[in-house]
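Next, two complexes with chain A in common: one pairs it with chain B, the other with chain C.
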Partner chain A sequence: MEKTSSPYQWGMAIDLDRCTGCGACVVACQAENNVAICDKKEIAQGRDMHWLRIERYWTGEYPDVRVRFLPVLCQHCHDAPCEPVCPVYASYHNQDGLNGQVYNRCVGTRYCANNCPYAVRVFNFYPHDWPKPLDNQLSPDITVRSRGVMEKCTFCIQRIRRAKEEAKGEGRPVRDGEVQPACAQTCPAEALVFGNLADPQSRVARLSRSPRRFKLLEHLGTHPSVFYLKGGGREHV
Partner chain B sequence: MSNAHPTPQVTRPPTAKSATAVNDELLSSLNAPTRSWYALVALLSAAVAWGLIAFGWQVTHGMYVTGINRPVMWGFYITGFVFWVGLSHSGTMVSSILRLSRANWRRPILRSAEAMTVFCIAVAGLFPLIHLGRNWIFFYMIPYPNQRGLWPNFRSPLLWDMTAITAYIIGSSLFLYLGMLPDLALVRDRSHGWRRDVYALLAMGWRGSAHEWAVYHKASTLMAALIIPVAVSVHSIVAWDFAVTVVPGWHSTIFPPYFVIGAILSGVAAVITLMIVIRRAFRLEEYLTALHFDNMGKILLVISLLWSYAYFVEVQTTWYAHEPIEWEVFSFMADRYSWQLAVMLIGNSLLPIFTMCFKRLRRCIPVLLAVTMLVNVGMFIERFLIIVPSLSHKNMPFAWGSYSPSWVEISVNVAALAGFSLLFTLFAKFFPIVAVTDVRELEARKAQVPLGRAELPSLAVED
Partner chain C sequence: MKRRSFLQLSGMTAAGALLAGCQAGNEKLIPYLIPPDEGVTPGLATFYASSCRSCPAGCGILVRVSEGRAKKIEGNPEHPVNRGKLCARGQAALQELYHPDRVPQPLKRSGPRGSGKFSRISWAEGLGLLTGQLRNLQKEKGADRLALLTPQLRGILATLASGFMRSFGSPHHLSYELLMPDWLRSATRASFGSPSLPWYDLAQSRYLLAFGAEFVESHLSPVHYGNAFGRMRQERDTVRGHFTYVGARLSLTGASADRWLPARPGSEGALALGMARLILSESLADRGALAANGLGAAQLLARLDRYDLPRVAELSGLPEGSIAEVAREFATTRPSLAMAGETVAFQSNGPESVRAIELLNLLVGSLNRPGGVYPDQGSPAGPETSFAELCSLVDAMRGDRISLALIQGNPVHTVPPATGFQAALARVPYVVSFSSLLDDTALQADLILPDHAALESWGEAIPLAGCRETVIGLMQPVVTPVFDTRQFPDVLLAAAGELGGEVAAALPYGSYLELLKKETLRRVAPAAGVDSGTGWASLLQKGGHFGRTGSGAKVFRWLPEAPLPDPAEPRFAGDEKKFPLHLQVYPSTAFHDGRGAALPWLQQLPDPMTTVVWDSWLEINPGTAAGLGIGFGDLVEVSSAQGSLRLPAVIYPGIRPDLVAIPLGQGQRGGGRYAKGRGANPLDLLVARLDEAEAAPCWNATRVRVVRISEKGGMVTTGHPQGSYRSDLIEI
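Right after this comes the complex of A and B.
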């Protein structure tokens, strides 16, 4: 593959101090990306299809119990463990630093999901359908995945593509804040900030330099594109 | 074989039989099948058919009919895969290494060990296809020229797997076939009608000339030497499926040698089990003697000691370092799968070591049968305990889970065992299951040599 010369390195900053665990991002993601609707049984079996989950951790002893929320989505690692193990290149790295997933190419070895330390890859165990009138809600920009393939967060690649095309038509780079994935757009607390890490002036790049920043499972050397800003500061002061 | 010429004062041992008698006895397995043979084939075919139905159910419904989930994306299928690849190491171990080390006692068992290798690896090769989410496009993993210019990813251990297994299937089939050539000629000369034509075709015009024998011996030795690195590489690569990942409990440098040792352990145990079955089924008590079981028992003892050492090293380093997530995997395994762990440790380590130490037990067939079968139960559990607990408790505690196999996965695994047994049963009926020429070569080399007043049994050595 040719060396990347893309002016974009998409990334996200998640401020854990701002996250209220409301779950709006999860719903937005589901609506935007044609994510299958799973019933109770499927979720109990550990076969839910959420591309983004809010992890909930309890800290402290009763009565001083606090809850912490950690939104976890695909970290779009630059050294992604999921990519080299795929035998058919269904999981690949694109020039903008995204982990792509080619649904049509996926044969369903599920090796990528095993090797993903964040466990954010979801597999289509069931054939899903969208009962009427929910089928009207399906986005025409994205494939509806069949059973037997792996899927995951794409940072709403369809939105990124559209923004890049529009910018190209107008002969300018994509402006900061011009493109947002559904989760970041929906977050009422603005805990999720998306943008171009290659542009040092972008909001996400500035947040990624915060002294509160950390990356999930940083010791594994996966070099994620998602930065977390440590939470719990205010409530414990 | 006539290359050992007894000198006048050397007499044949009193037990020596005529060549025809030996041929008759060893080829008796090729006689017209009995009713019980048909019953066995029918039973095994039914089990295979049931497995096919279960697989069809999975293909038509979806992977939800299995027990896998997030995060445990691999379960009984991959366990079965690793298990059968392991079993396939028997032929290499017993046949090649003993051939190269000129252990004469290998002769009556080498054919069944080689056949077992071929059938085990064939069964093993099916599992990675069965476990796919979309089995019908499995050929995406094959490097074939196509208009889209798409190529599989050779960085993926699954591609290494496929390459290694294909190489091993081809290599071990050739090894089996080459060793069978003189025997096929023997069968050809004894059969009539269309069977004779088939065997004649398979024997490829073998006549038994001195030149043919010379080439044959050279080729067998060469094949035996070449198949060993292939076998070692196959199971190392299977181990790398796990070892090259970042999954706690999988990412371990000891995995390749540890998997090879485990493979040989299960392979040797399976050969002993099979020896016992064949001995009983084809009345080969005279050829598979206490000596053979004694020697195989010694090998089992050594490999079991090696396996125990490797397992100890693997657990000990994790325990000592106490890296939280690595230790979590081990604690979870010991907690959730405690009786399986106990069966594994008893079956793979304690029982074979303590029984195979004693000559009397090594020569006792019921003990051997029980021990070797338990070794393979233990080895299946070992593979399961490597794969599943690691996936259940990966790095993100929020996404922890667990796994139990479904009826579909169990059916397919049972069908794999039945399918292997079926292939072997059919093979034993249509091909010489004991290497007749090899056994007769040994008989020909045996002689009573007078030494003073005594007559000592002696053996002409291979050059």
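Right after this comes the complex of A and C.
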């Protein structure tokens, strides 16, 4: 993990023991980030545009069957496989540890999505429209991406920027819990916790030290900023 | 020309050209020169507090409004029901506001009913038609020929609607919704003497035993209990709450359980009593609680004699060992909590089964205790027999005793056709719909007077059983209306004003807002010391009035005369040989009873358990499917004694082999471009009543047959049918 000068290292903890798989985060993300509405045909081709998905695993057989849910979003890796392959530097690493994506640099080679082991980058294979007056819901804080552009979870960077600006105006650091991406904000079970990993007292940093923690595909050495917490007692599996 | 005047002139021309250029090209941009007092500050968002109307839970919301347009809905952190959290349906309510197929202005039918041919009319003409119809009824001395159908209204709107009907002189006001907890109110009344809904202190509980209660997706207050569930699991340092789910289908809620008991449909009540007997016979019951409720352990045990373990195991199809183990865990891991849900209630023996489950709470001393169950203070009373009222209204419509029906909501889609509602409605000469989309009900209407979307409306949202406190949530318009629509209560008031006489005297209000403000301040002011001037503004700012639990709070106490619950043998509609499988219909996570199906975000949201998008499906056990030659995604035909429909099959490992399940919500004939003609409506299969004497509906007591048609189900899932098998790789 490289040293950076920023006082912030944004990260997330996802408590799988709390997660009920309800899907509120998925819709919240789509609402916040102007994520396109995809029709059935597009999804059938595997071209769903959700930045955040909930994976579902069945294990065992009836009647000893279990379901597990795993919310998967961009892991904001510190050694991100998507970054070095971009020929135009559209995917970059910012000083706060975020995997950024500059939409107007992107030329649509899709090398980054190809290289992402978590399959969280989505590509605009088709032009999408918001039939009037549905376009009124589009957030003015984020670009509406056009066809041929790669996009992905940004940890709601527009919210982070705003919080940092406000904090800077008041001459203080961003407080823990002051900024939350849309998914963490809406999660009914409070399974998603977002915050500054560089602050050892922050809630996310405390959770990231939990003995239940693991990282997704940790052996690949991508050093994700997202920590998962295993479900508690699974004694009846 | 002087040099100075030349420069002036050319400067003005350039400025003029620039201005003209700006106006021509950028009409939609708001220039920065508009001062903030015009209501718009470019780039700065405003948050308005309001309440969510997407389901009866009544969560508090904050709506982010930027440049006069609603952008995002968030939970209101101050609201005691949802504590700043919100579900997928609440998030998507924004699309209800900006739906491209909203009814833009009043419509009058111009083709045959159901053809969808309407002509646009003005509000004056629309209101004229409505009051003309009402006057005709008055003139013909047929005031009782008017029917008003609404969802289950609460608070001021309920008073207004019933006041309108009473003063007009008609008894036919029906408040019916498929999924409302009438069954829970009547069960609580039978056992405890008051119709209060229970509020479960889930967050403090150590053991949850849920009998078909889908509290994560639909039961009572999903966001509240979803949040409480998270806290039950991981908020306490040394305690992780345990969760056992009982039900024939592993639902989304059941997926979070530590243990699943797939009891045979209809056997849940007997199972609960079997557990009760075991708890009593091993002296694990709370003797103090029994004494406080006037019950003795020995007598109770004698009366539960029939529910011995081998018999209960036989009835429920579960191993004796698991039943005994769960019963002991439930009795010893206190505070523990038993919850009964719709899946149980909509069986033929549902009401008694629900009471049996409530008895479990009494036995372990969980009534009125932290971590247990309390009576809800917010909406203490409510309909308990709305299904019977629906049936009598259908009879009235069938007997041509109704000539004008005013319909708010979409009953044509959400009432099972077996009740005869749709056929009877076709006999009503004039139908007025208040739908904001051309939904199934609006398509059958003669006149559509479109209602505001929730985010354009004034109103009040009294939460359904989501908290112990008294909560009055307020709704306020966050944007100016997008279309030429009017609020349903305002239309009622306008009609009342036009009619004059008794009706106008009963409803002497200029607008719904006036009534809302007056009534809310009257109820809140004495408690909170709010004055009427600034009080209203501060209530709106907060999103409502959130009270505290009073000292004189009600408690649950077993009625001395209440009989012990005695669930009968479950009965099912349809011959077992001809229709070998049970059918369960359940509210879809995304659409609830169908009200979310019009919104593309919810259609695109993969169903959590099956990952199906934009469709409906049949869930079938892998073994049963193999026996019938059905593969994943195959098109199948499901038939019952009532009807049949075709839809794709999902091989679902978490369902009993003798059961199939279909989610509610799809299969709409209208509802805009995103919902129209998509999937199938399982209500078409249901048998309404098993016999004429039945007072409660049994939506889960229908038997069906499933036949494979072809491999072309046309279903799309985002995930692999089985999920990944590599879950060891990611260590969960």
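Quick note on the criterion: the second predicted complex is superposed on the first by the 229 of 237 C-alpha atoms of A that agree within 3 Å, B and C clash if a C-alpha of one lies under 4 Å from a C-alpha of the other, contacts with A are read in each partner's own complex, and residues count from 1 in each chain.
Please note the rule applied: contacts are C-beta pairs under 8 Å (C-beta built on N, C-alpha and C of every residue); 3 or more make two chains touch, one makes a residue touch a chain.
As the structure is a computational prediction, the values presented were derived from the model and not from experiment.
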First (chain B), second (chain C), both or neither touched by A:Glu61: second
Partner chain(s) touched by A:Glu170 [first = chain B, second = chain C, both, neither]: neither
First, second, both or neither for A:Lys40, with chain B first and chain C second: second
Touched partner set for A:Leu217, first chain B, second chain C, both or neither: both
Comparison of chain B and chain C by chain A residues contacted: C
Contacts of A:Gly21 with chain B and chain C, given as first, second, both or neither: second
Contacts of A:Leu134 with chain B and chain C, given as first, second, both or neither: second
Partner chain in contact with A:Val122 - chain B first, chain C second, else both or neither: first
Chain B and chain C footprints on chain A, overlapping residues: 48, 53, 55-57, 70, 217
Contacting residues of chain A [partner chain C, same complex]: 15-18, 20-24, 26-28, 30-32, 37-40, 43-44, 48, 50, 53-63, 65-70, 131-140, 182, 185-191, 214, 216-217, 228, 230-236
In the complex, chain B residues that touch chain A: 62-64, 68-74, 128, 131-134, 137-138, 140-141, 150-153, 155-159, 162, 241, 244-247, 391, 394-396, 398-399, 401
Chain C - residues contacting chain A, complex: 43, 66-67, 69-75, 82, 84-88, 90-92, 94-95, 97-100, 216-217, 222-223, 226-227, 229-231, 233-234, 240, 242, 250, 252-253, 255-256, 258-260, 262, 482, 589-590, 600-602, 604-606, 608-609, 611, 613-615, 621-623, 653-657, 716, 718-719, 722-724, 727, 729-732
Parts of chain A lying in touch with chain B, wherever the complex brings them together: 42, 45-48, 53, 55-57, 70, 72, 81, 84-89, 105-111, 113-115, 117-119, 121-127, 146-150, 217, 220, 222
